[in-house]
Amino acid sequence: MNCDCPILTIVTFLPLFGAIFLLFIKGEEQEKIKRIALAVAIIDFIISLPLFILFKSDTSEFQFVQSVPWIKEFGISYHVGIDGISLFLFLLTSFLSLICILASWNIKDRIKEYMIAMLVLQTGMLGVFISLDLFLFYMFWELMLIPMYLIIGVWGGPRRIYATIKFFVYTMAGSVLMLVAILFLYFMHYNETGEYTFDLLKIYNLDIPLGAQFWLFLAFFFAFAIKVPMFPFHTWLPDAHVEAPTAGSVILAGVLLKMGTYGFVRFSLPLFPYASHQFVPLITWLAVAGIIYGALVAMVQEDLKKLVAYSSVSHLGFVILGIFVFNIQGMEGGILQMINHGLSTGALFLIVGMLYERRHTRLIADYGGVTKKMPILAIFFMVMTLSSIGLPGLNGFVGEFLVLLGTFKSNVLIAVIATTGVILSACYMLWMFQRVMFNKITNPENSKLKDINRRELALLLPITILIFWIGIYPKPLLSRMDASVNHLLTQVDEKYKTTLSRLGKNEDVLLASESKREDYKTSEVRISESSQNPVKRLIKLWK
Amino acid sequence: MEIVIPPFDLKSISPIMSISIAAIFILLIDVFFRRTFKDRLGYISFLVVIATGFVVYTQIGQNVYSFSNMFVVDNYSVFFNLIFLLSTALVILMSDNYIKQEGVNYGEYYTLILFATVGMMLMAGGADLLTIFLGIEMMSISLYVLAGFTRDKLRSNEASLKYFLLGAFVTGFMLYGIAMLYGATGTTNLKEIATFITENSGQLNPMIVVGASLLIIGFGFKIACVPFHKWSPDVYEGSPTPVTAFMSTGPKAAGFAVFLRVFLVALPDLEPKWSIILWVLAVITMTVGNLVAISQTNIKRMLAYSSIAHAGYALVAIIVGGEFGIASLLFYMLAYTFMNLGAFAIIIVLGKKGEENANIEDFSGLGYKHPLLAIAMCIFMFSLAGIPPLIGFIGKFYIFSAAIKSGFIVLAVIGMINSVISVYYYLRVTVVIYMKKPIREFSPLSLSPLIIVAIIFTICGTVYFGIFPSKIIAFAQQSAVLY
Amino acid sequence: MEVPLTWYLVLSGILFSIGAVGVLINRNALVIFMCIELMLNAVNLAFVTFSRQQNSMDGQIFVFFIMTVAAAEAVVGLAIIIALFRNKATINVDDINIMKW
Amino acid sequence: MLNQFGITFLDLIGFVILFPLAGTIINGFLGKRLSKSIVGYVGCAAIGLSFIVALFVLLDLLKLSPEHRVFEKEYFTWIGSGAFRAIAGLQVDPLSVVMILVVTGVGFLIHVYSIGYMHEDKSFYRYFTYLNLFTFSMLILVLANNFLLMFIGWEGVGLCSYLLIGFWFEKKSASAAGMKAFIVNRVGDFGFILAILLIFVTFGTIDFTEVFHAAPEHLQIGSIVAATITLLLFVGAVGKSAQIPLYTWLPDAMEGPTPVSALIHAATMVTAGVYMVVRCNVLYTLSPFTMTVVAVIGGATALFAASIGLVQNDIKRVLAYSTVSQIGYMFLACGLGGFITGVFHLVTHAFFKALLFLGSGSVIHGLGGEQDMRKMGALKKYMPITYITFFIGTLAIAGIPPFAGFFSKDEILLEAYTKGSLFFWGLGAIAALLTAFYMFRLLFMTFHGKSKMTKRVEEHVHESPNSILFPLIVLAVLSVLGGFLGFPTLSVINEFLAPVIGAGHHGLAHGGESHHVSSNLMFSMMGISTGIAIVGIVVAYVMYISRPELPGVIAKRFKGIYNIILNKYFVDEIYDATFVKPTLRASNILWKVVDVKIIDGFVNAVGRLTVLKSEVLRLFQTGLVRNYAFSIMLGGIIIIICSILFL
Amino acid sequence: MLESLLFIIMSLITIACAIGVVFQKNPIYSAVFLIQTMVSLAVLYVLLHAQFVAAVQVMVYAGAIMVIFVFVIMLLNLNKNDMEDGKTKMPMQKPAAIILGLVLVVMIGVVMTRTIYQGAQGEYTPEVMDQIGNTQLVGKMLFTKYVLPFEIASILLFAAIVGAIILAKKQIIKEEK
């Protein structure tokens, strides 16, 4: 906040400048291009790290804010900032982008264009997470479609064109309605205050009539639900994943899908609290359906990437569930799960990519016994698999558990059904792992496999470290989220309650955020006390 | 009978005059100094257009009626004039190469383009149905000829004939409409028509209504809105590519200029009627345009349908009306000029003599062979599809925000859905460019410096004004008042 | 002044319609063009009638300009037809459809 | 209680888990480059050191007065979100100390054993990594101070079990068994997670101390919440401890290396369920209904598994079913309120079952991997030490005094009789009979009678190396002596564990009061159970030593029943048909029909329809001028008509 | 009375000739009918006191423009049969067009008869016109109020001529090869 240096802007636009710089380099100098792109990504990542350290976890205000008028005529400003919700997604993005560029080292075909697309994509994604202006947000939201579209379409698999067009049109179809809704909000704000502005923070204060809330929510919902993708809108995902090159899949799973869930948190909930509450049954059921459905369908996939893609549907069901239970655990779990999914699924795609590079097939049936030849990969693969199925001690569990906890508090039945997802995820992931990595090598092709090289190790190792870190000590993340999530929920709650009281409904609302912040602090104090004198405390407790 | 000759406010028509004179001079130069200036005519006309642009620029804020209220100069017309001149200038830049290559490097070409520009300027500045009519005819006749300019080509002939026959046919309807308005109100002056209608608003005058409807046919034809659009795909396909580029931008903008001025200045009292008609027209226009564009294989034809669809979007601005609507129309027209001309410029560059690169499939593998051109083409396609941060997006955004502001939410939603459909076929071009293997050799490009300038300029416009549209928006807002 | 001016207008309407129908049903480009001229004539009649009705000259002046334009169009139109004929040796508009769909 | 360093060993409890972790890390990262002996030393040392620390911890704990024998060490907040917090902390109390001693103690022996047993294996270091990791997880499980941390251990051991079962991953059956184990365990975990959620929602905390403290005040006895929580927890326990209906994974788990079976699938991990039930005894006592369920399932499993064990021919499978059965006993005890008895049996079982497994491992090792008992026999002379230790183990499990199993099993039967009813006693008694029978059947088939080994095997048969024999001997000693921990009159373990039961201070606890039973009853029960065991042994002797043709005759006569039992009551097949197959079929339908045809079909249909519309609409563009003119005129007239008539 | 009679006769001729234009197979006959239509219209213009327009109608339209038409017809040497070969591609076009035309007639007729001009009357009554002279008035208007359109018309004609020349030139001259 007090940082004068516009660190967000630098991090966001540095890749873009990198891309522009790359334009002037001859396409033949592949090595140089790769190095430069990598350097840009590394620098970008390093610059983004201070955010984590400088971030103040005791405030729900947006930090590192920068606000410059952009298109004054429309009241559009370049307003960026992050809070505890977007911080990690932002960092995740810069991290995964770096990984992806490194993962694309073996691309031979038009590397220059590829790297440019990657870097532009990075700017787009980073921009989405920091935008505090609806217009800006929409702009980045659409901007990142193009490079992604190209990455899938140019460097993808055999059915890439179908997949990429489907991806693009589907996503676009969702987001145009959002644009209408954004415009509606804009004019609504004008009608109420006489000020033309797209500033999210100002529009937050808007009191939207209930009927309008319904439609607006729906408009945003489609955009985000398609992006997530939620259960019945998910069919673009397997196609896109299967056809995308490795890095494309990683980015797609790791970051792009988070845009939808992030959108729900950042926009849908605080803007339309009443409608959000009204839609809870529908959305939670869809989410649960997604969890189970994704898992079941993943189980019978024959293609590795498809399997992971469907598992994404399942995992993101958890995220959505967490967001729409309106309590702090659910929301924090949801956000954490976004990051977890980004890491573990991203890594899974990396691994699938590594296998694919060696064997040029993604069919599970073509593998078997790979562990024998690639023991190091097997370890990483195992870790990612376990993280994906939510093994305690790894990151997946923390998020999943918090989501389930939050869900359980608000709807036991749904929580119970969602928990079955835990069983199913073990089924499909382990089964897949078994078929790919275990058993005897039956396919002679597999006996020629080489274990991962140093570059690939460098891809997987940091992710693994993060996976363990989040699994074992997620507090740095959770504590940074806490204030923002709390603030968000309180905001939603208050608005919802006023709406209800205006409607004359005095029904007892299940309070979402029970001002947990104090609780949390006291618990910290308690720990420090207790560790000093545990016995005394125990005696006190016993009496 | 004493004759009082009114003062001639030549200043107000100075742009028109300069262009007309230049046109005639170019013809003369071509006749007398062909040897020396044969290859320079493009430069000369370009410079004239630029110079005229400055003249027009000085007219900002003048707001005068001149020549017995036949003609008006206001910011609205200035803005449109600038669009016309922009489009003319770019088309001139793009033509140079083309007409030489096709062996039709005549001074008449530039003359006619300039005359068409004169016609458009008359349309934008016409304050009387007569002036407007003459402007339309001036423009149309020039375009009929231009469409058939490569006259040894059957396609060109056919385009020309179709355009001509249908244009003349529609002119009949439009004139009948003007006649009816005249018969009902006793005047052809826009302001006076409005005054008359306002004063006698107690009665529903069917003649005015029918007259207005007939005008919709006439103007609708010029802007190619469904169901008066059918000429445009054929004509766009058959005409010489620079002419197609020209037709899809300047004259179309002129059509909108007239459309909006006539309906907002002369017939505001009938708004409840025509806005519903236009609502329906807008919806079917964008839908049909976008839908049919999907199945096109010829890129010029595809762009023709896309241009129909864009006309549908722009119609929304007219329906919305008001300052916001007008400003959005102005902006949209400018945006469209940039991106569409850019796209055509690329098509021209890739054209070979005799066979223009007309099929979308011919672009296969362009990304491998000519990466910069490919990027440029993609930028234009994405801009046309309305994807940020390009100018097409801002334009669409502007129009639909105007629509939403005035409560046309359904219209906006339909428009948005349409723009999704449109994404599909614009994407196909990029798909072909980047994701298909080349099916043929690209001939070595003969890039004339002029067309490079044109491409660079359109790209810069498309991108820069997409990211920083502030200035233009301000200008459009300031120009959004019909004097 | 026994002939009501409306009759003239009705006549112009009839002429206009005949012209329009003529455009739709003829296949000869020249005849189509003639029918268009017929339509313009109908418009002229209407203008003159209105002019008479309102005791103003504006309508007649308009007719003057319409004639000018008609002349210009005629010149261009015939030139186009000739150019086409040179290439294709027909002016049957039904045969002129290499560009469609 | 302070030593010269100013800290108690209680404070050093962390080292108990740190050593195995360190072992894991060292072996995991460097193992490939280290020599096998170093790997083995590191692995054993890690556990050994843990064991030593655990011993000191025990001593320190004993210094405290019984009601203060609870010590918590909190390290950091693991998950903190709103009011929810899970603290990474360790809890030392008599129960956990008993458990860590068993885990590290038995674990150490098995590690030592493994050095010999696994020596030929290429992935030696991997094996020790897993084993150390397992110990680490198991220690977390038993030392955790809250449910969620316990769950980490819980899943951690599950993971290691998975990895170790599938250790020879190239064997399809092994990797499949590992997966089966994991997934079935997950089914149990499903219950566990829900239980944790419900506990948090009910009590606002998941800390053991706080929950158990609050439970009696919050919940009525027999309240639905208590029943639900305990039932859900029990689902978890059922999964982990391989009880009906989730026991099927355990026999398959025998695909793993034998020491693994000994450590994980006999001595420690599978008893985690029992540990958990005992740990939550406060909650369980609040729900009599659950207690009954626990008892019934325990008893039923004991009998059921024992009956399967009767006819199995794979030496390890027999032991596996016996394990299932024995754990059933423990649950039976717990369900009847005899938590301490359950723990007691857990401990003794750990000794003798580890012994038995290791013994069988020794046999298998000696026979070069043969596991089918029908191809053994007369090993007595080839492997005398193995035979003796195995015989001790068999006596222990059969419940012959004074071996360990006798005391604990007898106590359970006593418990069943006094607290429960004749029904439960009956279950236990029959199971005991069967146990004695099948164990001696195993013994006889393996070590006695005629050799049925193939020639090739026979030439290679040899006594195992010392690293294998040493643990056998130690465990044999423990199997002999272990029972005296719970010797009816001077029951050390009862006294030691008493504070844990019922959270020590409220009146609901009624664990470990076998003292109240009249000694008359006690001794008659002892007699009866000894009698039962002897009957079993005699029958086995008759059938397999004196009249070896008898089993075949019986099998023929009761062919139907025999087949059913031989095929384990077709439970696997039933599960396959009722759960696995339908799920897969449903998934296939979901994928191929719902996903591809319906949902995606709809999406594509929208696209295709648009293109179709496009194709149809473009046909209106005929290329004919007159058509165009017509459409212009038609459009114009429609507009005019509309504008006049309708607007 | 005479006037009405004249009107009726002339209008009938006009309509008949117009129909003749449309339905004649031979373009040359169509042209002749068109000339006749225009001449009869000129008579009607005179009846409407628009002598100048009537004169221009005869001279420019019937004379000049139609002469070009005939000229072109001759030039292209079209005969009847050119248009007869081959079936029409649009069998429904003709009846539909006639129906549409009828609708149009009815519509325009209704509108024209229902609407009476109610605005202010201009100063140029037939009497005034007869007094000043129709042609003078036209001239005056052209150079005062309509000076701009007049000038534009000149450019328009210029453009048209340029266009016609470029299109109708015999061949594209291969540029100085």
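Each chain carries a letter (A, B, C, D and E) given by its place in the written order, and its residues are counted from 1.
FYI, contacts are C-beta pairs under 8 Å (C-beta built on N, C-alpha and C of every residue); 3 or more make two chains touch, one makes a residue touch a chain.
Note that the structure is predicted; figures quoted are calculated from it, not measured.
Colleague: Which chains, if any, touch subunit C and subunit E both?
Modeller: Chains touching both subunit C and subunit E: B, D.
Colleague: If you apply the touch rule, which chains end up adjacent to both subunit B and subunit E?
Modeller: Touching subunit B and subunit E alike, sorted by label: C, D.
Colleague: Out of every possible chain pairing, name the one holding the most C-beta contact pairs.
Modeller: Looking at every pair of chains, the most contacts join C-E.
Colleague: Of the other chains, whose C-alpha centre is the longest way from the centre of subunit A?
Modeller: When every chain centre is compared against subunit A, the largest gap points to E.
Colleague: Centre-to-centre on C-alpha atoms, which chain is most distant from subunit D?
Modeller: Centre of mass proxy via C-alpha means gives E as farthest from subunit D.
Colleague: Which one of the chains is closest to the middle, using the mean of its C-alpha atoms?
Modeller: Centroid comparison flags A as closest.
Colleague: Roughly how many whole angstrom separate the Cα centroids of subunit A and subunit D?
Modeller: 36
Colleague: In angstrom, rounded to a whole number, how far apart do the mean CA points of subunit B and subunit D lie?
Modeller: 79
Colleague: How many angstrom lie between the CA centroids of subunit B and subunit C, rounded to a whole number?
Modeller: Chain centroid spacing, subunit B to subunit C, equals 26 Å.
Colleague: Just give me the whole-number Å value for how far the CA centre of subunit C lies from that of subunit D.
Modeller: One centre to the other, that is 97 Å.
Colleague: At which residue positions does subunit B touch at least two other chains?
Modeller: In subunit B, 130, 134, 137, 141, 144-145, 148, 151-152, 160-162, 165, 169, 173, 180, 183, 186-187, 206, 210, 233-234, 424 touch at least two other chains.
Colleague: Quick check on subunit E: which residues sit in contact with 2+ other chains?
Modeller: 89-90, 93, 97, 100, 104, 107-108, 111-112, 117, 119, 122, 137, 145-146, 149, 153, 156, 159-160, 163-165, 167
Colleague: Which subunit D residues reach two or more other chains?
Modeller: 607, 618, 621-627, 629-630, 633-634, 640, 644
Colleague: Name the touching chain pairs, would you?
Modeller: Chain pairs that touch: A-B, A-D, B-C, B-D, B-E, C-D, C-E, D-E.
Colleague: Which of the residues in subunit B end up touching subunit A in this complex?
Modeller: Listed in rising order, the residues are 367-368, 371, 382, 387-389, 393, 397, 400-401, 404-405, 409, 412-413, 416-417, 419-420, 423-424, 427-428, 430-431, 434-435, 468-470, 473-474, 477.
Colleague: Which subunit A residues qualify as touching subunit B in the complex?
Modeller: Within the complex, subunit A contacts subunit B at residues 27, 70-74, 110, 113, 135, 138-140, 142-143, 145-146, 149-150, 153-154, 160-161, 164-165, 168-169, 172-173, 176-177, 179-180, 183-184, 186-187, 190.
Colleague: For a test of understanding, state which residues of subunit E touch subunit B in their complex under the given definition.
Modeller: Residues in contact with subunit B: 107-108, 110-112, 114-115, 117-120, 122, 132, 136-137, 140, 143-149, 152-153, 155-156, 158-160, 162-167, 169, 171-172, 174-175.
Colleague: Using the touch rule from the top, collect the residues of subunit D that touch subunit E in their complex.
Modeller: Subunit D residues touching subunit E: 622, 624, 626-627, 630, 633-634, 637, 640-641, 644.
Colleague: Considering the complex alone, what residue numbers of subunit D touch subunit C?
Modeller: 618-619, 621-626, 629-630, 633
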